[in-house]
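Supplied in structure tokens, the structure appears directly below.
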Amino acid sequence: MRSGVLRRVLRIRSAQIALVILLGIAVLVVFGSSIAPQDPLHQDVARLLQGPSGAHWLGTDYLGRDVLSRLVAGSRLSVLTAVEAVAAALVVGALPGLASVFFGRWFDFIANRLTDAIMTLPTLVFAIAFTAVLGNRMTPVMLAVGFLISPYFFRVTRAAALQYAQEPYVDAARLFGVSRVRVVGTHVVGKVLPTVLVTAATALAGALLTVSSLTFLGIGVVPPAPTWGGVLSSDLNFLSQLPWAPLAPAALIMLTAGSLNILADALRDTIGTSGPPVVRAGAITDQEVDRVDEHPAA
Amino acid sequence: MSTNTPPLETRPVLDLADVAISVQDGTIQAVRGVSLQVRRGSSVGLVGESGSGKTLTCRAALGILDRGCRVESGTISFGGTDVSGLDPRQWRAIHGRRVGAVFQDPGSYLNPSVPVGRQLTEAVRAATGLGRRAARVRALELLTLVGLRGAEHVYRQIPGELSGGMLQRVLIAIAIAGDPELLVADEATTALDVTVQAEIIELLRRLRDERGLGILFVSHDLGVIAELCDHVVVFYAGEVVETGPVEEILRRPRHPYTQAMLRVASLGDYRRRELEVIPGQPPSVGERIAGCRFAARCAYAADECRSEAIELVGIGDQHDVRCARIEEIDLVQSDAWQKESA
Amino acid sequence: MRIVSSSSRLFTIFVPVVLLSTFITYGLGALSNSNPAAAVLGDTATPADIKRMDHQFGLDKPFLVQFVHWLGRVLHGDLGHSYFTGIPVTQSIGQRFPVDLSLTLLALVFAVILGGAAGVLAAVRQGSWIDRGITAISAVFTSVPAFVIGVGLVVVFATKLHVAPSSGYVGPTTDPQRWLQHMLLPAIAISLEPAVGVARQLRTALVHELRQNYVTGAVVRGLHPSRVLFGHALRNAAGPALTVLGAQVPFLIGGAVVTETVFSLPGLGQLAVSSAEQRDIPVVQGVLLVTSVIVILANLVVNAGLGKLRPRAGAVTA
Amino acid sequence: MSGGAQASEEPVLAVEAVDVYLGRGHRSTRILDAVSLDVHAGEIVGVIGETGSGKTTLARTIVGLVDPAVGAVRLDARVISGTRATRRRQLRRSGHVQYVFQDPLRSLDPDFTVDRIVAEGLVAQGRLGRDEIARRVSQALRRVGLDDELLTRRPAEISGGQRQRVAIARAIVLEPRLLICDEPVSALDASNRNKILRLLDELRTTLDIAIIVIAHDLSSLAGIADRVLVLYRGQVVEDGSIGEVFSRPAHPYTGLLVASAPNVIHRSLDARQLRVVSRPEQVDAAVDGCVFASRCRFATDSCRRRPPLLEVRPGRRVACHHHDTWRAEHVTHP
């Protein structure tokens, strides 16, 4: 890790706020339904579609369930599945991206075509199709989503790794007889890591939106189980009675995704000012391939 | 600058009087008290180490100081009109028409994705208002004028396809497209191969003599200045320490810094010898120093050098020096010379 | 691997990509353990019935043979029939396809206009309140799913102000004005995310370009500021922004699929969701294939645009 | 001091007629063409060449980052080019050949402190304990004129001249037999340039090592080099003792180089009279002819054949058909 990058990020006010919000969300995720004020599944036919009150801070839904409790209890599924997707993408994308430093042009060619192909698959449609195959469960669907976003990790990591691997100090280390694996370990990995972190934070925000979109469509969850997107979806049918009802679940999604994006931006700015080149997303890869050619393996 | 009446009856094209420039939003004064003049058909060289203020001065004269940099005091005028307070729109009437500029790393001053000919034509049109077709004809003439063979072919190439020397010629063609009176060249030959550098200097000399172009030439290399310029301004740590005709400065430098600079410069002799160095490092930009800014590195420095500001004093025809001990140094040196020859 | 011409680029890059993505699409369907015959015939089917049905669907052949057959039929415009309704997949997709195509194209246009203008404005006024405002609005929109924006638009413009229809679809050939009325809100809803992507990338790239020496060079040549901005800096900054736009298309289509639900548009999304619930594999495959092709086509367009922006192919770089 | 004065009988480095190609397949180009060079212990040899002359490729070939297609590189009479990976690693760990890269800022890892940078080669050898490494690092730093307070700084926190010294310290800490410096002073101003050149001059005697200094201009060799090798488009056009080569160049290209060098004192050659005015077109077109013919004022039909690199005097080689006549044609008008 580039020394002090995180410390400098944490000096940025917006990043501090974002981190506090994310810590709060993390508490919701860890403790989930055990800190929900009421039973998220308890239906109360006497209190349908009520506005906020002392008993129900965020009101009740069309079955008389406490909205606040449903949102709190739904945090775990909504956030953890997104984390699963990003973790999968990291493993499938970032590791080969880093490894591309070691392999020649054929690995590069194949990996890039494969990447291009995966990137043409529309994430949501693919996720929907996946439920058709594997049944209506969230985890496999999100692993599939992780597979679909892995190309972004691959590209960003690969571009950064190749760039750093061509710095003269890498040649210098090789001239000392340091092995390639160790050279990459000491001179390249640490510099690529912040870039991967930025991508991970952005991807997590995106995956969160994907989860909420899927749960909104009713995909990946079996009905009584609460999710943020599901709460939003159920509110939608009663817009005329409770037009402000979507606000709370929407705000929760936005706060989480927004905090992640702010953190990613702060991180990106910090890396940008501390030296390493900015890796442009989706940069055209042919030039990089050319550069590899000019770098004869030794 | 000397108070003598200028030998040429023409008014200077560029006239800087007592210019001070601040950087970092006025917090640091990087350049102070710079006065210099450039006339048509003459070339003035600014020489100094990096950070000495020569590039800031020349960017101020071009009206392209970076954000946070500002001309604090003094006047900059083109042919009698003061330009120090102009806004970008007013500068546009001067850029390209009255002054052209070339820089180090010529390739980076051209748009990498547009053929060079189109960029030249565009400059011709901006400076002259010619029609598209006439401008293209003019552009091809200019490419030939700056010594590029196969102008038609070069016209269609993008910057990445040309060598550094060719790019600098293209940039010179662009700079003189509007037939300006002044050309500002900031380290224009620094990154080039020596043989190419000599050719570019040759070209600049020709343009100066044939078209009466005034040239303000910035370089860290006294040798290059000696090849092209008739007048030298020596910068040290944000101040002019010596200025005068090039032969005189080379033959009989008076400021200890100029003398040291000549000793470390390449002498055109390649035998093994003990190489000269100037001890220490220059002060950091804007560092406040009472007295002479070179005193800490100067073998002749005395107490008087460190107490109060030293003025630039005229000591001959257009020859000014900023040194408090100039007479004593002359004595020491002639003594040494006598001992050596005895 | 230098690009000699755009046609060879097409063959070296896009043909393998199309083959691979169709393979993944098909493989997804074929990998499903669900037996369509059993699903269609119900609990009372005999093994012989299932075998006959398998043969009818071609499911008794090796996987690769099935893929090649399927690909052959796809090339002839045959995506098979729904397991349940028996309606040709091309027919049900054909009915709904215009909705998504209109939505996607309109959203792309909005994204270019909105994102382009915001990006240029933010870069030119870098550090001003305009720049900060655009950055803040961008941060909000990247954190909101398209369907939430859709819901917001419905609440404000349809439910409260009654200035736009909240649901339904009219074909552009039937009544262009009403088509636009129906498409406007959903298209805006899904265009905001890609617009933000374009704006951010454009701002970054343009700020970078405006710091380059050639911009200083253009200024000292006395060029008009608009010429420096649009003729030089933007030309070079547009490439990365266009690349980002291309990369956004898969998400744009995803947004379209969800937003259809909000605005009750009869599009591919609803077809995909309902067939996924029924495990109607040929329909799901068809939708995936068609949307992938949209993405690939959009990327071809983007690539053509990039080719125009970049220096001539095969240029020697020093 | 004349060329090769300190030469012992066996050269430390012998580059024997190497051809080097870069790129693959039809895009492969010949960068070096039959280049040969000897360097003895205690000797500084300058390699001078402009853009595209192949000088950096020559350095990379000597250190084994590039393999020659033809020819060999020998260190103390043992071939070190084109070896297998394990042998190569063994050679590299020995530290006998050290390379000081062109750009000191980029060749030092920005995340590493000075002590870690200088120690990297010793750590890779894995022979010495931590205390011994620390001792050797601080000794090397003192040798290049830096003190211990720099040990914990990072490259961004020290000056350009100091960075170049750190790069040299990193090389000499391994007690090399041969040191190759690629443009060691091109990024420095005149005074700092002379300081680094003086340091190299000092090291060759105190450490008794062979040094190659690669440069694009004469001023980076002035005062320290014993011999100089002039490269033009991958070929050696002239070599010999530096005083002789530059005071009486035997090749028209060397002449042009000397005449073009910016100079504050009078010179004997005028670049304007060495540049091409006109020349026979067919000389230009010759593929296997003299590499310099297209820029040579003195080119004739015979230059369509490639001139051999002839030893015109002991220790003096020139590749020019007209090496003994062109100067007579060059008339200096007042």
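By letter and in written order, the chains are A, B, C and D; residue numbering begins at 1 in each of them.
The criterion applied here is as follows: a contact is a pair of C-beta atoms (placed from the backbone, for glycine too) under 8 Å apart; a residue touches a chain by one contact, two chains touch by 3 or more.
Not measured: the values here are computed from a predicted model.
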item	value
Length of the shortest touching-chain route, subunit B through to subunit D	1
A-C against B-C, pair bridged by the larger set of C-beta contacts	A-C
Most remote chain, CA-based centroid, reference being subunit D	C
Separation of mean Cα positions, subunit B and subunit A [Å, integer]	54
CA centroid of subunit A to CA centroid of subunit C, Å	20
Approximate Å spacing (C-alpha centroids) for the pair subunit B, subunit C	55
Multi-chain contact sites of subunit C, meaning residues that touch two or more partners	2
Per-residue multi-chain contacts in subunit B, two or more chains	163
Chain contact topology (line, ring, star, complete or other)	ring
Pairwise chain contacts under the document criterion	A-C, A-D, B-C, B-D
Subunit A partner contacts - residues on subunit D that touch it in the complex	22-24, 63-67, 88-93, 95, 98-99, 101-103, 106-111, 120-121, 124-125, 156, 170, 174
Interface residues, subunit A side, partner subunit C - complex	105, 109, 113-114, 116-126, 128-134, 136, 205-206, 209-210, 212-213, 216-219, 229, 232, 236, 239-240, 243, 246, 250, 253-258, 260-262, 265, 278, 280-284, 286, 289-290
Complex interface listing, subunit B residues touching subunit C	62, 64, 88, 92-97, 99-101, 103, 105, 108-114, 122-123, 126-127, 158, 160-161, 163, 171, 174-175, 177-178
Complex contacts: residues of subunit A adjacent to subunit D	2-3, 167-169, 171-179, 187, 190-191, 275, 293-294, 296, 298
Subunit C - residues contacting subunit A, complex	1-3, 13, 16-21, 24-25, 28-29, 31-32, 34, 139-140, 142-148, 151-152, 154-155, 159-160, 201, 204-205, 208, 240, 243-244, 246-247, 250-251, 253-255, 257-258, 261-262, 268-269, 272-273, 275-277, 279-281, 284-285, 287-288, 291-292, 294-296, 299, 306
